[in-house]
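As written, the chain order gives the labels A, B, C and D, with residue 1 at the start of each chain.
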Amino acid sequence: MATIDTRVHATTVSERRELGPGVVLLTLDAAELANATRPGQYVMAIPPSGETAATALAVYETQGKLASLLFFTTGKRTRELAALHSGDRLDLIGPLGNGFDCSGDARDVAIVAGGVGIASVLLCAQRLVRLGSRVRLFYGARTAELLIESQRFADAGCELVETTDDGTRGAPGFVTDALERAPRPQAIYACGPTPMLRRVAQIANASGVRAQLSLEETFGCGIGGCWGCVVPLVRASVQAPSFPPAQAVNGDFVYARICREGPVFWAHELRW
Amino acid sequence: MATIDTRVHATTVSERRELGPGVVLLTLDAAELANATRPGQYVMAIPPSGETAATALAVYETQGKLASLLFFTTGKRTRELAALHSGDRLDLIGPLGNGFDCSGDARDVAIVAGGVGIASVLLCAQRLVRLGSRVRLFYGARTAELLIESQRFADAGCELVETTDDGTRGAPGFVTDALERAPRPQAIYACGPTPMLRRVAQIANASGVRAQLSLEETFGCGIGGCWGCVVPLVRASVQAPSFPPAQAVNGDFVYARICREGPVFWAHELRW
Amino acid sequence: MSTVPSLAVRLGSLELPYPTLMGSGCYGTGEEFAPLADLTRIGAIVLKSVTRLPRLGNPMPRIVHTPAGMLNAIGLQNPGIDWYLERELHKYAERPCKLIGSVAGFSVDDYARVCERLAARAEIAAVELNVSCPNVASEGETFGCDPGLTAEVVRAARSTTDKTLIVKLSPNVTDIAAVARAAEAAGADALAVINTVRGMAIDVDAWRPRLGNVAGGLSGPAIRPIAVLAVYEAAQAVRIPIVGQGGIETLTDALEFFLAGASAISIGTANFTDPRVPGRIVTELQAYLARRGLADLGALVGKANQGFTTPHQYEGDEG
Amino acid sequence: MSTVPSLAVRLGSLELPYPTLMGSGCYGTGEEFAPLADLTRIGAIVLKSVTRLPRLGNPMPRIVHTPAGMLNAIGLQNPGIDWYLERELHKYAERPCKLIGSVAGFSVDDYARVCERLAARAEIAAVELNVSCPNVASEGETFGCDPGLTAEVVRAARSTTDKTLIVKLSPNVTDIAAVARAAEAAGADALAVINTVRGMAIDVDAWRPRLGNVAGGLSGPAIRPIAVLAVYEAAQAVRIPIVGQGGIETLTDALEFFLAGASAISIGTANFTDPRVPGRIVTELQAYLARRGLADLGALVGKANQGFTTPHQYEGDEG
């Protein structure tokens, strides 16, 4: 079962780096977490102040006993995490979620990342390269200085296709435009803002390519307890929670929890 | 008028020191504030996060263009201030309040400070010594390590009488017991927890010594706008706000604002 | 050259250059804040509520800080309307902004008499009725928590003046729309939504209430979601303008209220955090309108009203 | 050797080793939290509310974070009582703590039928009635906001079971004491005070409500002062025990509720911040009683009730 190793981990910040304006990389001393995490999984970071609501963050990278988080400071909670320094303690719940299925036999893979979505796909890229796939990273951001960590992916063996909304680096426009223009891959993995993911799903569905999308939604508990983070799925899908048959309720969909059944869903099974 | 120089000051933290467990001394680059502040006045520190309610803090010391704040981290707001580092910005409103009247001709003065009350009396002690008075500081705290800054007062020319509740330094027991045992001073200045101040008032009133008490209460605005911080005063007192005569309302007292009419009140005019 | 968007707003016959009122009881007489804020860049000050008779106010403590908010129980300390008119009001006339008087009372007659005398004064540009006081006649039920009692108070006050009458509603009700409709029908020119939410805090060391008055009113960002919904519901129930309030600290907060249906906003507790908040909001609001190409505030008011389609659920389900 | 103070509590016939319930809708089925918290050290889990018919729940988004709190509008997503009893409940039986079923409905009959079937099951130790749903029959008025409707629901449910019946009150009322009395008179064994406070948030970029359902329920520390007062007022109105809730995160918060008159507490939103909160509160509560030399919780319950003397003011003045 996906969450069998889920625990509360008391970790220590071993390094804090700013990668761009408001973009922070926290490297943590977190051996058990690093060991247990699979690509596409996330943690809930417990606020050091104890003030309202843990924050969902992808595990960006793992290396030995280190695990790192990469995040944009968008609000109160990420600001609090951004204020941590080396040596500070940070408690995390994880690893959580199903993660990406990297076991397929697709030899030519596209990873699509928009903005902070980049944080969810490094482990996936590394795994796929290791399994022998050709991995093209389609990576889009608003502007050049937010296109961070590209080198990290190049070093990992990915081919890079960069875009920026304002054209300050790579192709101007949306990352999904670049995806559409490119030769069709055999499988797609994607993480980014919902409009981007919708477009990826359209492209994938239209061309018959199977795509795994890592979704985002405001979380309550982050562990399946509150049903606050749902997405509508086709009733018949494997990830759809058990629920009375269609005639009992109107609608041909069921809400699945992004935090528990996901965060990764098959594009063709979503009903959004 | 007392608050004529009151302004919002944008200051910079020039030094941060921990004087004891949870006791912080922030020295600020704040030339105008330092210049305008008189003994016993305070500031409202605007929270850097912008989150709910400025905090009332005495101006501990002024020196050239530096002004310092000395505080105990008791809650959310002082914790936020304690997290500031050298170079950080801190906006303050001040100086506020009437401050101590140090113009009297008492040659033998007692200053009574309990706990954090010590923060309000250094400027007063320095002034009185400079004016030629003998100044005895009666200083009490819960335990030895919270008896901070004694040396600072000794250096300023005060005679020290220390007490701790647990007897770990100075005389065991309350600081007011020490005051009572000591030869009678000609004037008393006091700041500390309300029970201590009540006892000081009793001692002063009983022995006919005039005492100025710097009171504390949870503040709303801190500048006289909300009437949240009151203390009952004898109707006839100078500091009592104008209010219809006694027959119109029951009670022989009027509530004065600690932040505006005070924070320093004459012991014999209080009706608590 | 682009024209500067207008922030002017009308509440009944009252015209204000800015849509920002300083909340009653939170801004003193304006004098206290004058050295710290530019009073020419606020809409108006709502003065502390005044009653027929003098009131000493509640015993201490009167204020408790709570998560993202504060409780207050001032107890309407004020010298009563006689003294207030004779000895105080003329002093406030020098403020460089409009002044709105606030009336509190414990009977319908209280409200009418105080409103009449206050509104007669030139210093007073408009009157706000604080109907959150308990009605002494009907066993302490709060006027503002009952549509019928609210209507009685408003009718009585309305008959005494032609100046703009703002009725300040209590959030401590099940159906604020009903109270809003009652106030409008009784002649209110505008509504202030909301007053504080009832609450309490306990000192767990001393085992007793933290407030001298036991219960108090909760204000600040903690109540903002409650206030936004109240404005949203009231705005759909009436046609008169609404002064939205409850936890406004930033431009974003202000926009929430305008979009919910407020024509103006009131800033109370945020002044205790930083007296520069009202000035900042006005500046940023102007810039926001310009950036969005909007000529005035009207383009914002009530525009959150689109909602989502909710085909498969019962209405109003918050479980 | 000093004896360990007892934290045991009785709600009607229900005996719990600890006074800490996990709030309905906040703790799933217990399975989700089992790896993160010691379920043998909690009082009971209140399961997510179940209704007669299946409900898909509200559209996204269902959650918004607000200052010191959050809004939720889940919309009672649940498979309906048939499916729930046939395919789900048996799985929860392995939890090492008591389970309290929660019933929601849209008619008196809904409540009675679901309560009866749920209470008949061995896995269910007690039933909580979530009366915060809108009453479809009477124009959507919420049952829990009306003493009469509340009494009807409780009477109907009471007649179906001898198990402990907890009635969960809505804070969206003017007089919670009246609803509390009505519930007690109709046969409730205990009250849960309070459910979430109605609120709303607006997306100022998109100009639309942040919640798919427009309005939602506010929980977390922001509402704690509201909840403490509700418990305080309800406790003085009834003799049955009260389960206090609303923003409890720490021992201090828990003590506020006990002192206000709660016999037990419920922890909801705090589990989203840190699932270790309930365990920590139990440990610290035990230490607190020991330090204070108190044998059990009873020594705390309702002991804030001393108040201050308030000679010179009208009652309940929060202006």
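By definition in this document, a residue touches a chain if its C-beta (ideal position, glycine included) is under 8 Å from a C-beta of that chain, and two chains touch if they have at least 3 such contacts.
No experiment lies behind these values; they were computed from the predicted model shown.
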Which interface, named by its two chains, has the most contact pairs?
C-D
Measuring centre to centre, with centres taken as mean CA positions, what chain is farthest from subunit D?
B
Starting from the mean Cα coordinates of subunit C and subunit D, work out the distance between those two points in Å.
32
Chain centre separation in whole Å, for subunit C relative to subunit A (CA means)
45
Per the C-alpha centroid definition, the whole-Å distance linking subunit A and subunit D comes out as 35
Can you pull out the residues of subunit B that are in contact with at least two other chains?
51, 249, 251
Would you give the residues of subunit C that are in contact with at least 2 other chains, written as numbers and ranges?
25, 55-57, 64, 67-69, 72, 74, 220-221, 312
Which of the residues in subunit B come into contact with subunit C in the complex?
3, 6-8, 46-47, 50-54, 75-77, 91, 93, 217-231, 242-244, 248-249, 251, 253-255, 260
Of all residues in subunit D, which touch subunit A in the complex?
25-28, 31-33, 35-36, 48, 53-57, 60-65, 68-70, 72, 74, 77, 79-80, 82-83, 87, 220-221, 249-250, 269, 271-276
So in the complex, the part of subunit D that touches subunit C is made up of which residues?
25, 49, 55-59, 64, 66-69, 71-76, 104, 106, 130, 132-134, 136, 140-142, 145-146, 172-174, 196-202, 204, 207-209, 212-218, 220-226, 228-229, 232, 247, 252, 255-256, 259-260, 303-304, 306-310, 312-319
